[in-house]
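As written, the chain order gives the labels A, B and C, with residue 1 at the start of each chain.
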Amino acid sequence: MEGSKSSMRRELKFLFAIWKANLQSAMEYHIAFIAQILGMMLNNAFYFLFWVIFFERFKEIRGWGLNDMFLVFGVTATSFGVTAFLFGNAFSLSDVIAQGRLDYYLSMPRPVLLHAVSARSIPSGMGDIIYGITSYLLSGYFSWGGLGRFVVGVILASTAFAAFLIIAHSLTFWLGNAAALARLLMNAILTFALYPITLFNGPAKFLLFTIVPAALMGSVPASLVRELTWQNLGGLFLGAAVLLGLAIVVFRLGLRRYESGSAIQVEV
Amino acid sequence: MKKYWAIFKTQVVNSLAYPGEIIWRSMAILLFLWVFTFLWRVAFDTSAATTLSGLTLRDTLWYLMLAETIELSRPRFANTIAQSVKDGSIAYLLCKPYDFLLYQLSVNAGDTVFRLVLTFIFGGALIWGMVGAPPSPWGWPLTLIAFAAGWLINFCLTALIGLAAFVVEDVTPFTWIYQKLIFILGGMMIPLDFYPPWLQRISKALPFSYVMYGPARLFVSPDLERFTALLAGQLAWVAALGVLVSIAYRRGLRRLAINGG
Amino acid sequence: MTVIQISNLRKTFTTKRKAAGLGGSVRSIFRPQHQVVEAVRGISFDLGEGGRLGLIGPNGAGKSTTIKILTGILFPTEGEASVLGYVPWKERRQLAYHIGTVFGQRPQLWYHLPAIDTFQLFGKIYELEDKDVKQRISFLAEAFEIEDLLETPVRKLSLGQRMRCEIAASLIHRPKLLLLDEPSIGLDVVAKQRIRDTIRRMNEMENVSVLLTSHDAGDLEALCKRVIIINHGQIVYQDRVSNLKRRYLTTKEVGVRYARPIPKDFTMPDVNILKVGKYGVKLGFDTRQIPADVVLARLAESGDLVDITISDPSLEEVIAKIYQEVEGAKEAQA
């Protein structure tokens, strides 16, 4: 295993080079870049107004108040933003697969999946990140230790989210272009992540920890920020690791079926 | 008028080219409504009331079902228009024997039909199963008319955002913010009746509530008086926004003629 | 040393079929109909170091599929291959360090960035030293005559300029083998010629082996030493390009114009009269049946010559002829 450490460093160096190129690309249109960031922050703020209005009237939902919503939005928006900004191509992987654009990544001496998902950055993700951090700071749960846990929580949650996107889009290998289905699944995980987890019970709650692991993107990292317990941290870490492993396996299996646009694809 | 009808019909068929796409998109309503049922059940429970601001849980969920249907079947063509402004193809369309805006209207109306029907069926089936029968059917035709008028308001607003591409580089942020205005001030996530009175007054004065809240509220409490008042307001907005859109279009074209495509 | 060696390569695709219309769409969701397409049916060949080999054939003949298997993009259904000593689909990453690829319809340069930024990124991807990359870029910039284009965002380059930058990018890491899939597609004649020249120059200077696919016979004529013609996923002909020319370029076409009108019933023995006009005549002949000087002498006897053109049939016609021969042989067997 002596080589694995240096190979990890090599991949990181490569990743930074790609991110730099992405940033340069975005800077080519700096006005649009800034507009996207500000627009996304405003967009999120408007969306959050719903909860402000809601809690104005109902005060508390099974132990959750407005400050909990601030916290959950903080964690989820930041995690979403990190994934969008650093691994933006994960959002359009279906098209990349269906249109045969994996060829390019396959002809390069780098890990295909890592290369493919990091090859595009979605500028508005930066808006989500800034919004999310602000939302956390306003939540009333701020502490320096909490900030550390926030960072750890966001890293794990964005990993889980990216892995979920990869799995959803990899269905394209078997079904033909599954962009619409993947979009539905992404909406599902986001929607569920942004609601108080206390609303759900029984099978619904089970669903949120398994098939649509929204809990890993919202409530679990949020409770990690509130309080460090082994259950929170271990659960989140395990969840993210399992999802990531699954994503890599699914993608690899799919790659054996990859047709590089040589066969005519039919949209599902 | 005949050619726009033909464009509309073609687009209705064309929208079925990718049936998977349209079905998955329509199924999104199940997701959103399912979450809503959890939220509003708990909200009514914690308030320990059968009606809130005159709405029962059943009313609220049927309201949200129609609001979601409107949201999900609403055409999003601002970026299409923006694109044709950017690459100058809007100028080429000038030599075609049809009006650009009416063409867009027919295409998007055609796109809406199946999305509307499918989301309504999926959403309706779910809510029926969850909270019981829909509101009385005699209000349905009235709702459909109000829906169409609201659809036109949405069309004008979206077209305005698309035409903004004449002056700004990227209109995407505007489409996000417009969507959120519909969410909050249009009453998609929450019936406006639950708002504090001052916010209700503001929301009801703005065009967004005529797209969303108006038809959805009429659906759960159909009543002729409500209908006529709503429709009058909607038509006033359609007229005002319609004038605005055609001015923006003409001005933009003049700009294009001066600056080149 | 052999650079590429493949034997009995096969690749089949399974595609979904869908009947037209709404009904067909619904049916295909519940009971999908599959169809097996054999893209490559038992191809074998090899390429030596420094060689320049062209795979030629019509659209859908299996050229691109073959090249994609050789880069490790596609898994073959059956067969063996060794590229620079690696099995592409098993040792894709190791292989990738030593080959350069250009897919004519799949640009690899970053669209919004100047080409030099992509070059530098490639330096990182192939793990080269920064100093090396710098040297290499200035060398390639000179060889490809792209010094003035490097700082321009790629989206603002013409297709020909972009393609030269693409090929330069694929050579950043000094590959031993260059695989080009339709490198000249969509280019005008001048740009095509320039691309061919630079590829050949790089082959001669650095001894990089070249395998290219094309459906343009001009690419072969100008660039390749050896040619493989494939059709329907099978090799129908392979030989040195010079042999191909000698064997098939035996016919000539001559067109002449006279100062005075010529008779309508113009004739000449042993040649093929293709066209007779008021002042001119066009004819074809086989050099093995009648020497060219005889034909020319006879033409000169018929009047005062104003203009004369002599041409070979295009390689495209030759290839069409080879297809015909192969098909004919098959029918004869049947």
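What we mean here is this: contacts are C-beta pairs under 8 Å (C-beta built on N, C-alpha and C of every residue); 3 or more make two chains touch, one makes a residue touch a chain.
Just so we're clear, the structure is a prediction, and the values are computed from it rather than from any experiment.
Taking the mean of all protein C-alpha atoms as the reference point, the chain centroid lying nearest to it belongs to A. Most remote from subunit B, judged by the distance between CA-atom centroids, is C. Mean C-alpha positions place subunit A and subunit C at a centre distance of 44 Å.
Rounded to a whole number, the gap between the C-alpha centres of subunit B and subunit C is 53 angstrom. Between subunit A and subunit B, the centres computed from C-alpha atoms are 29 Å apart. The set of subunit B residues touching two or more other chains comprises 20. Among all residues of subunit A, those that touch two or more other chains are 29, 268. Residue positions of subunit C touching 2 or more other chains: 29. Residues 18, 20-21, 24-25, 27-28, 31-32, 35, 38-39, 42-43, 46-47, 168-170, 172-174, 176-177, 179-181, 183-184, 189-190, 194-196, 199 of subunit B touch subunit A in their complex.
Interface residues of subunit A, counted against subunit B in their complex, comprise 29, 31-32, 35-36, 38-40, 42-43, 46-47, 49-50, 53-54, 56-58, 60-62, 124, 179-181, 183-184, 187-188, 191-192, 195, 199-200, 204, 267-268. For subunit C in complex with subunit A, the residues that touch the partner chain are 13-18, 28-29, 37, 39, 64-65, 68, 71-75, 92-97, 99, 101, 103, 106, 108, 110-113, 117-118, 121, 124-127, 153. Touching subunit C in their complex are the following residues of subunit A: 10, 13-14, 17-18, 20-21, 24-25, 28-29, 100-104, 106-111, 176, 256, 258-260, 262-264, 266, 268.
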